[in-house]
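You will see chain A twice below: alongside chain B first, and alongside chain C after that.
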Partner chain A sequence: MKALDHLPWYRRPGVTIFLFLAPALFFFALYVLAPIPVSFFYSLFKWDGIGQRSFIGLENWKELIGDPVFWKALKNNVTLVVISLATQLPMGIALALLLTSRFRWTKLLKTVYVLPYMMSAVAIGMLWRYIYEPTFGLLNMFLEAIGRYDWILDWLGDPKVVLYSVINAVNWQFIPFYMLLFMAALVGIPLELYEAAKIDGASPWKAFWTITLPLLWPTVTNAAVLSLVGSLKYFDLIHVLSGGGPNHASELMATYMYKRSFHHLRMGYGSTIAVALFTIGFALSMVFVRVTSRKQYEGGDRR
Partner chain B sequence: MIQKMLKQVGLYLFAALWFVISFYPFVFMVNTSLKGRMEFLIKPVWAFPEKFLYTNYLRVIEGGFFRFFFNSVTVSVISVAIIILVSSLASYVISRVRFRLSSLVYGLFVAGMMIPIHITLIPVYNLTRALGIYDSLTALIGPYVAFSLPISVFVLVGFMRDIPLELEEAAVIDGASRLQIYARVIMPLSKPALSTVAIYSFIMLWNEFIYALVLLTSRKNWNLTMGLWNFHGQYSIDIPLIMATLTLAALPLILIYFVLQEQVIKGMVTGALKG
Partner chain C sequence: MLKKATMYLLVISLLLGMSLGVFAQEINLTLWHIHTNVGAAQNTIQDAIRRFEADYPNVKIEEVQIINDEYKTKLMIAMGANDEPDIFMSWGGGPLETYINAGKVWDMTDALVKEGLYDNFLPVAMDLASVNGRVYGVPITNMVAALVFYRTDIFENLNLNIPTTYSELLEVMKVLNENNITPFALANANKWTGSMYFMYLVDRVGGPEAFYKAMMRTDGGSFASEAFVKAGEYLQELVRNNAFPRGFQSMDEDLAQSRNLLYTDRAAMYLMGSWAWGTIKAENEPLLEKLDFFVFPGIEGGLGDPSNLVGTPGDNYFSIAEKCEHKDYAVKFLGYLSDEKAADMLIANGHIPPFGENIDAKITDPMMKSLYQAVSGSDAVQLWYDQSLPPELAQVHLDTTQALFGLEMTPEEAAQTMEQAAKRYHGEN
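Let's turn to the complex of A and B:
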């Protein structure tokens, strides 16, 4: 049974460790790590992806700084991040509280509430396209039926509205996920704490702010980081739902990067956008992790 | 008393409203998929079909749906198998063998969760062309495995750390090699974490879109999301047909979810507990 023991090289821990790690490191280095410097390298070239690369120095970067569409996309990304944080987390907490309360039907409700998250973003994008369809879409038909003609909009065609329509579909997809996350955390809060608060005469509202939220805070932090990182690189649903249009009104950095690279075959410039997206996302999530972990500490101190 | 009742009513309203918001789009989808094309345009969207039409489903199936379905199953299953093997090997060493670069390697993998996929698209596209596997299902496996590694290593390391050392010691005294310890002691004990990783990765890969969009071109190689996306371009005016496609595409995961509800939820939550 000691098939490998007689091999002296196998007993050496360095070699063993390397052999165990090698497959994972291989995939990770080849497909995740190496592409980062390579993308930066490509950003210094003019290149259609197939023919010759020609070195143009920082021309792509100069173009990026002066590119109004990129700034528009960045602004939209920021809007997406802010609205996601402001709606997905509170809704997630509210639904989690509902489902962990002594409310009847919680099992059925939980099953149904999770359903949107089981669909692919592509399918959700297609489904919502027909909900938003201006003439025979579900939403406008509904508004017509209840007589709110003034609320009827071209949800995906109006540049002023499209970004919010898209974000709404994103929320539909992700709120169930945050609900599950908070449910898992709520289960861990001991019931005695609430009983003690009740004896002290605290209202449920007060109990939420003094017991639930502080104990939930680490999960809130995690959820916020997930939401932030996720929103910055968001692509699938927007690509299917609005394609970033009309006229870049719902463009995000990721959709813009894809368009420039694979529709216009400007791989150099696409790489530049990708590096910018990477840098902004990575830096922001680092800052965010630092800030929120400090808050968590202060919260812990106060209690 | 009245206040309490009002609160109950509010709770019910909230629960019911969210129920409608979550569920009605699915009703709309299935309901529409059973209608004729003209019927959909003339009648209100929420009207039930005059009679259940299955022709849309037949057309979807004739349109090559099973091919896409089969492609998705193949690529997801193969990728998940590789992910399990590769990430468990690495996690075993990271969590249970002391070596100098251990925390660096772990940190590197975990930081991968923060890396947006888009920065890898063009280099991976080129690499795939250079390897001669562009426009094949094989092309997807590399990136799928690589991008599932961070979360898998994170979950497995967290789990394997808590396995009591005595179990491993006993095996060492019996003369087992590292590989034997990994295969006979650690892997069987890690089954719960392994199933979490498998379920989470499978769902993520089943729904994956952007690599498929960049690396696949010919119809015979499309996975389900690519099939959906292209059906959509081809038949965008025939809404009932599109809805039949969506229903069929959403069905497998929803069925898995109904059958394995608790495991799926656990997989989703632990798989993403830390970003």
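Let's turn to the complex of A and C:
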């Protein structure tokens, strides 16, 4: 820094960097950081969002702890996290492997597989709504056509089924994203490693476990964090597809927050749910990042 | 390449900005409503806009259509953000009162009198958007009652008679189910659709007083009273006897998933607001010949008169925002929405306007005549629960009713949940 001391303050690198970052930081602070304490502040009030606020202390928090729907929503969120991690990542890797290996249709398939990710959540929601339609829907019509009447389900209306129907659509939406992520990482693995393995007589299966997966691991952990955080705060497709219904069977924390705030006009309680959602999501992803980054370190050590 | 694109973008946005500046001389009024489907109300509103803009070329009305259930949320957010439209639609009752209490809605009583519009509207229809005799909204679209529409051809083929009592209804349902026809076309993802059954059952069991007392918290009225519990039991009996189509809890009324069953001969009856007549006319006019209606059957030993109706005397109410800068023009526009021409258009499209003179004589279609007689001849019209209750309680009613339909709550539990919410809301605990 000494060499730069002769520069006026506004020419120093730190200042320049800050100035370049300032516009982005300003909006980040305004729309991401500031609402967090503000939401907590609102959670102490009874407020319909339009009229007067009245202070009620921790009443909303007391209610939240005793609110069975909130716990159900949290449980649904956890289910979504687990299933997303267990299906989206392996499917993403499998498709990425398929499309990076050179066979005839890869170019076409690449485009086809990425399509769901390019669509807006609302369009996907409407699409799956028509697929799951109980009487005229594509799925039940198909099952009828092949004569499997016993497989016909009330996909979005049966409280035992709806969550899984919705998660299926969520998977359909996000698998292409992980596929793209893994494809980018796979391209970076040097081919010599595979050639060497081949000469050493390793089977493709063995090569996958000893070369591909370890070198892919940093991407896998990153993808897992993305999937975890995304699943915890997930909202849009559920909102369009099932609205969290019927009777909260597919409710997530985010859709529940939305309902309490904008349907029941209880902004205070909605804010309480929002802060709880943020706290849980933040804590879980911190723990997750800690655990996976340590693993990565150990892995590096062994090599 | 990128630089060039950025340049073009800059130039275009500059041009856009300038053109906006030119038009800024004009008066702009924003108008929000829910009529996304081509039909009576949409035609009438757009025609009124055209006529108004022709007479006042300096005023432009910016019409925004938002689908029904999204609309309620969007309006609420706009109100909270002080970004409400100049003219907006509501259903009167509890939700509108929330906005009135927050000082968001303009008291248009004097302006209506001045413009000579005040006496144009049916007084009973005005009540729903009035507080202490001051008018905050005018009824525009329709006099509505929930009625059971039914397929006359299916009833004839199966030798069925119109059920006048609950047990007759169960008989009719049995025959229909034996013939693989769903008794009622219901799409209950929207919740207010299923609420109609519940409201009728409560009325038939306990009369209109049951709800009135519970809502007003007078005379020991309670949402956990016998009428509500019994209604829940009847409702679940209907569900258990396959009154409703497969998957009805997830079906969406706004996507016509209920009416599709009616159109494809898969369902025979359809309990819906009488606006359905206009909707079906727009969607599937030939079917009207095979369609008639009856009033929801009574219950043996119940207190409610079987001619009582559930509905609203005005349906859509149009209000002017307090912060609207050109209230004079907004009121004038409401005049166009409720003049002779608008009334004629509504009638021609199957609606019964709650304004204008000699509506009775103007209606020539025999079916609409009987609709009109049913609506205007009833002793008691129960306003939709979700519009008469404050929004917070309305949602609890809708949620518990949907749970009743899903057999996920007992009638007793649902009634208690509703009563607890009411107690909490009114601070009775």
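FYI, the second predicted complex is superposed on the first by the 281 of 303 C-alpha atoms of A that agree within 3 Å, B and C clash if a C-alpha of one lies under 4 Å from a C-alpha of the other, contacts with A are read in each partner's own complex, and residues count from 1 in each chain.
Convention: contacts are C-beta pairs under 8 Å (C-beta built on N, C-alpha and C of every residue); 3 or more make two chains touch, one makes a residue touch a chain.
The shown structure was predicted, so the numbers you read here are calculated from the model rather than taken from an experiment.
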item: First (chain B), second (chain C), both or neither touched by A:136; value: both
item: Partner chain(s) touched by A:49 [first = chain B, second = chain C, both, neither]; value: both
item: Winner by number of chain A residues touched, once chain B and chain C are compared; value: B
item: Partner chain(s) touched by A:103 [first = chain B, second = chain C, both, neither]; value: first
item: Partner chain in contact with A:235 - chain B first, chain C second, else both or neither; value: first
item: Which superposed partner A:265 touches (first chain B, second chain C, both, neither); value: second
item: Which superposed partner A:243 touches (first chain B, second chain C, both, neither); value: second
item: Partner chain(s) touched by A:285 [first = chain B, second = chain C, both, neither]; value: first
item: Which superposed partner A:155 touches (first chain B, second chain C, both, neither); value: second
item: Chain B and chain C contact sites that coincide on chain A, given as residue numbers; value: 49, 136, 262, 267
item: Residue ranges of chain B in contact with chain A within the complex; value: 11, 14-15, 18-19, 21-26, 28-29, 32, 40-41, 44-46, 85-87, 89-90, 92-94, 97, 99, 105, 108-109, 112-127, 142-143, 145-147, 149, 153, 175-180, 182, 203, 206-207, 209-210, 213-214, 224-225, 228-229, 232, 239, 242-243, 246, 249-250, 253-254, 257-258, 261, 264-265, 268-269, 272-275
item: For the chain A and chain B complex, residues of the former touching the latter; value: 1-5, 10, 13-14, 16-17, 20-21, 23-25, 27-28, 30-36, 38-39, 42, 49, 94-95, 98, 101, 103, 105, 109, 111-123, 126-128, 130-131, 136-138, 141, 145, 172, 176-177, 180-181, 184, 222, 225-226, 229, 232-233, 235-236, 239-240, 253-254, 257-258, 261-262, 267, 270-271, 274-275, 277-278, 281-282, 285
item: Footprint of chain C on chain A - complex, ascending; value: 48-51, 129, 132-136, 154-159, 162, 242-243, 245-248, 259, 262-267
item: Complex interface listing, chain C residues touching chain A; value: 72-73, 76-77, 79-80, 98-99, 101-102, 104, 188-189, 245-252, 255, 257, 260-261, 264, 266, 391-392, 395-396, 399, 402-403, 405-406, 408-409
